[in-house]
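Just so it is clear, A, B, C and D label the chains in written order, and each chain counts residues from 1 on its own.
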Amino acid sequence: MYSFMNDYSEGAHPRILELLSKSNYEQNTGYGEDIHSNKAKDYIKKHLRNENVDIHFIPGGTQTNLLVISSFLRPHQCIIAAETGHVNVHETGAIEATGHKVVTVPSKDGKVTLSAIEQVLNYHTDEHMVQPKMVYISNSTELGTIYKKEELSALHQICKSKGLLLFLDGARIGSALTSKPNNLELPDIAGLVDVFYIGGTKNGALLGEALVICNQKLKEDFRYLIKQRGALMAKGFVTGIQFEALFQDNLFFELGSHANEMADKIALILKECGYSFYTEPCTNQLFPILPNSLLEKLSKDFLFSIQFKADDQNTVVRFVTSWATTLESVDALSNFFIKNSK
Amino acid sequence: MYSFMNDYSEGAHPRILELLSKSNYEQNTGYGEDIHSNKAKDYIKKHLRNENVDIHFIPGGTQTNLLVISSFLRPHQCIIAAETGHVNVHETGAIEATGHKVVTVPSKDGKVTLSAIEQVLNYHTDEHMVQPKMVYISNSTELGTIYKKEELSALHQICKSKGLLLFLDGARIGSALTSKPNNLELPDIAGLVDVFYIGGTKNGALLGEALVICNQKLKEDFRYLIKQRGALMAKGFVTGIQFEALFQDNLFFELGSHANEMADKIALILKECGYSFYTEPCTNQLFPILPNSLLEKLSKDFLFSIQFKADDQNTVVRFVTSWATTLESVDALSNFFIKNSK
Amino acid sequence: MYSFMNDYSEGAHPRILELLSKSNYEQNTGYGEDIHSNKAKDYIKKHLRNENVDIHFIPGGTQTNLLVISSFLRPHQCIIAAETGHVNVHETGAIEATGHKVVTVPSKDGKVTLSAIEQVLNYHTDEHMVQPKMVYISNSTELGTIYKKEELSALHQICKSKGLLLFLDGARIGSALTSKPNNLELPDIAGLVDVFYIGGTKNGALLGEALVICNQKLKEDFRYLIKQRGALMAKGFVTGIQFEALFQDNLFFELGSHANEMADKIALILKECGYSFYTEPCTNQLFPILPNSLLEKLSKDFLFSIQFKADDQNTVVRFVTSWATTLESVDALSNFFIKNSK
Amino acid sequence: MYSFMNDYSEGAHPRILELLSKSNYEQNTGYGEDIHSNKAKDYIKKHLRNENVDIHFIPGGTQTNLLVISSFLRPHQCIIAAETGHVNVHETGAIEATGHKVVTVPSKDGKVTLSAIEQVLNYHTDEHMVQPKMVYISNSTELGTIYKKEELSALHQICKSKGLLLFLDGARIGSALTSKPNNLELPDIAGLVDVFYIGGTKNGALLGEALVICNQKLKEDFRYLIKQRGALMAKGFVTGIQFEALFQDNLFFELGSHANEMADKIALILKECGYSFYTEPCTNQLFPILPNSLLEKLSKDFLFSIQFKADDQNTVVRFVTSWATTLESVDALSNFFIKNSK
């Protein structure tokens, strides 16, 4: 059985495990104030070409999302997110549990558009309604698409002019930044958003997201807020070491590239076999539209997820590749399609 | 420099790292529904001699505390905790952030007494005050003391008769259960409390606490609540594997015993040198009362924490040992005291 | 200037003011435990033909909504509401501020349908999403429509079979129950919903809503929750006296009838003048579709609210009548339309 | 039976009822944006000799407290209050329900001292503990005492120098400001605190507190927050009219004076009869220490509240007078003591 279910099935890249082992008996300071966490932050700042940001390591993505949103909004303020946004549908109301509404905008490709933001602003005009204060986007999105530099710049512009904060969920930023059509780099992002994170969990770490606070006004007291939400790990060095391994060289990007390459190969075959996609493939998440008749057979040897009905005969499914996806498994999947397509 | 600052300075016991490495390339189901997590739960249930509990792995202690308290109380209900309780002083208002008051009782040794509970109940009699609904205790306590079986049974009795839930924070239960004066075993605890946890972070794991829900009425929908608080890790197997390593044999208890033995040696020397203790030593946390004149010298070679003034000449300090404390460091500390005491 | 802006422009019906004056110097028990509140509850129970409910007087509607929802749901549970529901759009995120998501369903007429509920249930299937637990409806709805007995029975059925609570916001129940097409009575409602309220503010009181808890399981400790949300008024008798006046005879229904009659007259004229309505008129809120060209003229002598564009030439506006609406003002409005329509 | 239970037993001063009746049929704008609310604000500003404040009318005291505290603190921040503070003991955890801890300081007379504030600040030094950000005081206090001008100035100073907000709960400010030893006036208070309120409920209104925001930085978006907590009344003019009546002349102060005079008479007799007081009498709340043997007899004709045991033979009780307390009832109480004391 080969799994294309998600990008968090395997453990960590060996170089991460190695560094964890190597430093295992060091006596570190607790709560993320250790040497490894500091080194990791320095490495990331170099990649960002920006010394002027605050970096914090948070165990997981939902926790990072709820922490950012609840820390930077006043009680009456809300976020704007795509209907498909992770914070809207797949976090069991984590954002609302901190007191904030998620105002959604329709989105076919997982992205938030300028006109959607404007519509929300035009509608929310008085104190009887929540006040939009932050735009939440993810890159890559929940539908595998990415924001181009010009799109992110435009979002930056509208947010700045309307007094909105811009928050980029980078759970899959490794794949986004190494995607072929991508023209954004880490330093661009740090200049265009108020806060974002670099996802480790879905790009080769055991766990951990590196939260980057770019807006100076948002930096104050953030460690209090991490602690309060239960996200300040006693052994903070465990995530520090992992990001040290990922960013002391280019490992983070290599892992993203590998996942994308594997996905590209699958996408190519699928296209050659005549299948279309719900969204244009470019990252490690593929959303092909497959005939229902194929699904049972496919599921005998492959794990993947059913997304939704495309029409009566076809279904949108999801294949996900990762840093650990083997060429062997990709070949097996390719062969399946070659054999089973007309 | 030898550190006796805390029990979360080093990484993980080698057998844990080994199992993480060994299973690194397996493709696991996400969110804690993997084979390793299931095995770990089975092993723990065997140690509990109880099939009838629900077990969930949570990344950290504060998160577990806030999750338990916010999940099982209605909005108007509060917990009763010792003034020194971790939830009261060292979690940055994490409990209050979920909406619940922590009503405290004075405590010299970190424990909650029956009469303290009764006083709180007698005072909180109408709807103008919060309603006490849960008693929070920790074992070992923040002052290194432990609950004996008869004490826990008495707490169980009063909670049962008063309609209170009993929650035991076991961040340091490894040391508590392997303490010399201890007469409690895991199965006793599962029978006497409504919910408790087995701390991994402070007993040899990289991270993770095993939450055990004993009261049937509290089990429903708990995974929703874990997810909502950001504590459902995508790579749940990372904690599952660690608890598998800790409980497939007696590793968990061996690690607790080692920490206690190292602490016992230090306590013995300190007593021989004529020092007294704020609380009677029995677990891996020692609270000796040392002359102020000694502290600067001591801090040249040893890391430890200052707790509070005992009187004008003396200070209560804390030494903590762990699964990783070496005999060499203990000898060094012992020698320091032998040399520097009259 | 005549106002048809809303039903909370004037003070209270004279019989309410009279009773307030008459009892002004009595020394009442505080916090709603006074004789007048008790009498009012007894009168309402008689109207409900049901002794087996708990009644609490709450100052306002938003407060009642947030109180009910936050008291009866666990943290991971959400409500289902119409997109147009008051709790979704016009309470500044009051529900989310208590931690709960509002999952909305599309609605043309302000009502929640069975199939909409089923769709939400089919979509929310696992712990990564909030758990639907309560259906929120309002009667009359925000669009002036009402639920017929058969509709409410069907909602009751589906809620019962799916384990959902049914909550009816009755801020305008006075108008709903005295509407011509209505076939629901108070006792029906008490039998079909878990909790609802009888709105005083919009039906002749200075302030106050009578919350009726019908489901026995929801009754416990409710006064604690009222107090915690700041809704337990020291001079609780002020709302008690008002509901005493409204329900010691049929005043409450007479006031609803009057508002409806005034609205019926306006609706009739508008129909005769050839205008159509966004929703079929039947309560004290009318949503006629008027030509844009008429609006400026209309607004010289009349206050009303603009709702939204019907098309490029026409706008949906809202006229609201109340217990205090005079025949004179209705005649003035009628004359305007007779004169100004072709 | 004469009641000295509290100051919220009777309705409203006749001049308030009169103005409510007189304006009953006016068609007012909703949600507190009416002419009466605006007039009331202007009158209060005149009394404050300060145009530069924002005033909002809130239905009740607990609601005002929770609104102020939750609006002006970030999630990790707490308030400092006296152990006896209303927000700590008698609001069913309303403050914690909004996410904030109440850190208490011991207080014999209900007041918060400078040294108590300093102790809290010295203890709360890092991100593992909540961050003190606001000092909550009440004037008069829950024990009937008042802050002198020099005391409030000193609190102002320390708050300013430590970056703390100062919030004065004025539920009983009418009695405080008309107390004999008082040397504070409304303009002083507006200059010394960041936010406070002028209590109507306990000084002759049916309901309502006038919240005064003095600190410019706290003004923004406050109506959103009022709405979100359910405190923006549709018929906002109902509280507006009442404060218009209270402040268009000196009615508010006359009512406070009357309550104090009645209390003074009682205090004088009690002293003449040889009784001592738990706190020195000066406002409308008296805390005499009475022999237990007298209590049953006293309770035959008088309502009052038992506070706590003074010693085995004596009990601290509370008598409260109000704007509506009659000379007749005071004479009756006086006669009781004259007759029944040796």
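In the analysis below, a contact is a pair of C-beta atoms (placed from the backbone, for glycine too) under 8 Å apart; a residue touches a chain by one contact, two chains touch by 3 or more.
These are the chains along with the protein names UniProt gives them: A, B, C, D = L-threonine aldolase.
Keep in mind it's a predicted model, so treat the numbers as computed, not measured.
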Compared with subunit A, which chain's mean CA position is the farthest off?
D
Chain centre separation (subunit A, subunit D; CA means) in Å
51
Go ahead and note the Å separation of the Cα centroids belonging to subunit A and subunit B.
34
Calculate how many whole Å lie between the centre of subunit B and the centre of subunit D, each centre taken as the average of the chain's C-alpha atoms.
43
Touching two or more other chains - residues of subunit B:
75-76, 91-93, 97-99, 127-128, 130, 224-225, 227-228, 232
Looking at which chains touch, is this a line, ring, star, complete or other?
complete
Residue ranges of subunit B touching subunit D (in the complex, touch as defined):
75-76, 78, 89-93, 96-102, 127-130
Over in the complex, which subunit D residues touch subunit A? Could you list them?
31, 70-71, 74-76, 98-99, 127-128, 130-131, 221, 223-228, 232
Per the touch rule above, subunit C residues touching subunit D in the complex are 1-3, 5-6, 8-12, 14, 17, 20-21, 23-30, 59-67, 91-94, 97, 201-202, 206-207, 224, 227-235, 237-238, 303, 324
